[in-house]
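Right, I'll just put the structure down here and ask away after.
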């Protein structure tokens, strides 16, 4: 089994200089640790709690920044799309396009994504069981795209809380697609602040270890040099200066998990 | 308090003749019972499990059918929209436009809906707590529309199951907007069939009684003359020949609920 | 169908004079409204959060108080038991003995209760589905007692919250035993205070209406003249001076529910 | 940090010879791997679904078997108690006595256990949040016993399903007591068979890896030479011939977890 791929970056693009700073940190750490890396950032946060929440630089300006990061760092790009018309232009820059969790059942978006030929990262919605992801894989395949990944990011557990069901990793791996773990958003407490989601970034190491112990294809991670002042999802963001410490542990768990056999239990 | 309004019709438009048959039944029964009625049908099911699932006649053909029902029966229309560009044309026919539960946090769609000036029915997503609906109301108001309704349709309870939290009605009523109950979709078991949602239409009377006991502004209901052969959500649909029996009970519970005072408990 | 029976009283016996005051209020109101009444109070709270929480007067003193209420008011008694040795002495005073929710699967206790010949009220545990109650009914029957009732009191919904699944009433009614609704404990938020459960007594009317709309055999209710100073579960207790207002509504919903037919939906 | 302790054995004592066979396998494997081992078996299953389910040899006969295992293998013993009167006799044989999850809030039982002076293993109930375990620790301490362990075994997730919240381990570790993981019962699907719990023993490796990645004090495990014919909880039991393969992986994850630092994330 291959080592894990890091889909690592930041939540929303704030400024180009900040994106460059974040990307530079990821490049340093991943080179040092030998972890394959894809840069992640969003150009638009399309479902913020408030109309006045910061949404990002938008499609055109966002793709420009992503293109410069791609070229400057020689790194593949992953970003998310929210409506069919965005898919083609985004896929000119992004190597992997991501289907957001809330939108994971929107047929037109799935179809438009599939037609780009890009790799598609499908976030498992907080309201879906692992076995239901088979339907979304089928939709993509019917639309002619078989370069698919599934991404765990937690399930609703009562109100305003998420829980990661460890058994979901195995159920999705059995669908024969790469399975990755969005440890950042799995730390969310949706709707738990008066105007936005809360999060538990202090516990990222715990959740990350559990995920990597499953022998998965990739890790999805968002960092920020100053999480308390991040423009979106700061409560879930890893402080950028913890990147090396965190990833070195993820690597160790990944290596151990993949060095050991599965057990054949009837 | 006013009597409840029925947002009653069918899931997806199948044929014009079937839509007319369904509308005629609703008209007969609501006239007989004196229930204000708005006809509901979808022109497109945008998030079916499979690419090959029936989606409906589409925007143009669907709006034609809805316009003919509106004129033929003299009934207001409610239907759902899925992307910003649909809002303006839909609002030319529909008096109430509906924000789907999965999309209830998509800012661009909310804004486009708000700008039509139509009444907006906001479905509470299966992954949101009642108190989070205040954010969506605010988004609409910030976008200039204050003709808003909230609609309960159940909350995720583990995998593949929904539960209706009766206390959510009161929490949403406290937001000073009309609150309605989608008793049909609250009967869903999401993902519980191999290729689609299952449902519990046999229990519609139980859930309907509980909802109407709360003194709410409206009831959302889908019926079908032959639920086992409906093209979408048949397991949740009320058999059309049960419409009068069902609605007469809903009316009795609504009248009782609204004839009694609230208690002021500290 | 018969009118509902009220299993009404208080949480834990505090003083005999308070118990008498509470019982007198129930007697006044139930006579006035014509509601059959069984007095409820606990002699021991066996699972409080802290060792120092008030537990009650204990078995001997508690049964004395209950016996005096039984005789003084001519009212049947319901109380709960927590270990096998309590069953026989309790059944000498109590007409109905109650199996606590947390203990609902303890075989020895179930058997000892069954052997008393008293009517048994089985609380559905917060961790059981309605269909699992069939096993507990069978245990009681195998132990020779078929005078059984089932009692809904909410299901765990994430951490520190309960939700009442309205559909559970019908599933338990289909087991051909009387089904009652503990509206008081269904209002709990378990573990939500630093040292005890919180509750939502302000919402008792909403939950009570939904329950009575189902046409059930009985209502379980705890009241207190001063809920903020009650020794246990005050956050869930109905203020005693609201008893008449509350029960008159419950009666109206019960009468309506039982005056209407079920629908035969395939 | 110390290596993990294995609380390993079988669900219920079936026959003495089977118990000896199981204990011998554990002894072989734990000696070979250098894992400290405490033998676990129950003398009575006090909350089976049916009155006719096998309960075990009972207190007297059960303690005899456990005493012979203790002496024969030179191994400490853990077993569970269900009522106050069992605590003293059980503690004469058992080094660790276990508070069952369903009974974890029963004050009299907690107090009787505390007074024995034995180490107490407190199972976190399926209906409690991690933070609520502090109350139960306090109860034990108030009763004079501070040799306490907490045991994770999953949380109710909808009906008939459990989920392990990885973050609960850290929350309980912060209470400064040893935290162990009952990977066997966390695999249960409560009430999912017509007459008993179902289980997912095929997935024990996945759940075990996630638990051991948290750096915990111990692992609780039940095995059986023939799970399909085990008298209780066979669907969750590890096949005895997989013991070495399974434990060697648990050891590797434990060693890795404890060799790495925590991160100090603000």
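For this structure, a couple of remarks:
First chain written, first letter: the chains are A, B, C and D, and each begins at residue 1.
Here, contacts are C-beta pairs under 8 Å (C-beta built on N, C-alpha and C of every residue); 3 or more make two chains touch, one makes a residue touch a chain.
Everything numeric in this text was worked out from a predicted model, so none of it was measured.
Between chain A and chain C, the least number of touching-chain steps is 1.
When every chain is reduced to the mean of its CA atoms, the largest separation from chain A belongs to C.
A straight line joining the Cα centres of chain B and chain D is 48 Å long. Here the spacing of chain B and chain C, counted between their Cα centres, is 36 Å.
If each chain is reduced to the centroid of its CA atoms, chain C and chain D end up 33 Å from each other.
Each of the following residues of chain D touches two or more other chains: 155, 157, 159. By the touch criterion given at the top, residues 157-159, 161 of chain C touch chain A in their complex.
Touching chain B in their complex are the following residues of chain A: 46-52, 55, 82-84, 102-103, 105-108, 110-111, 125-129, 131-132, 135, 138-139, 142-143, 155-156, 159-160, 190-191, 195.
Interface residues of chain C facing chain B in the complex, by the touch rule stated above, are 155, 157, 163-167, 169-170, 200-207, 209-210, 212-214, 238-239, 242, 245-246, 249, 252-253, 256-257, 260-263, 265-266.
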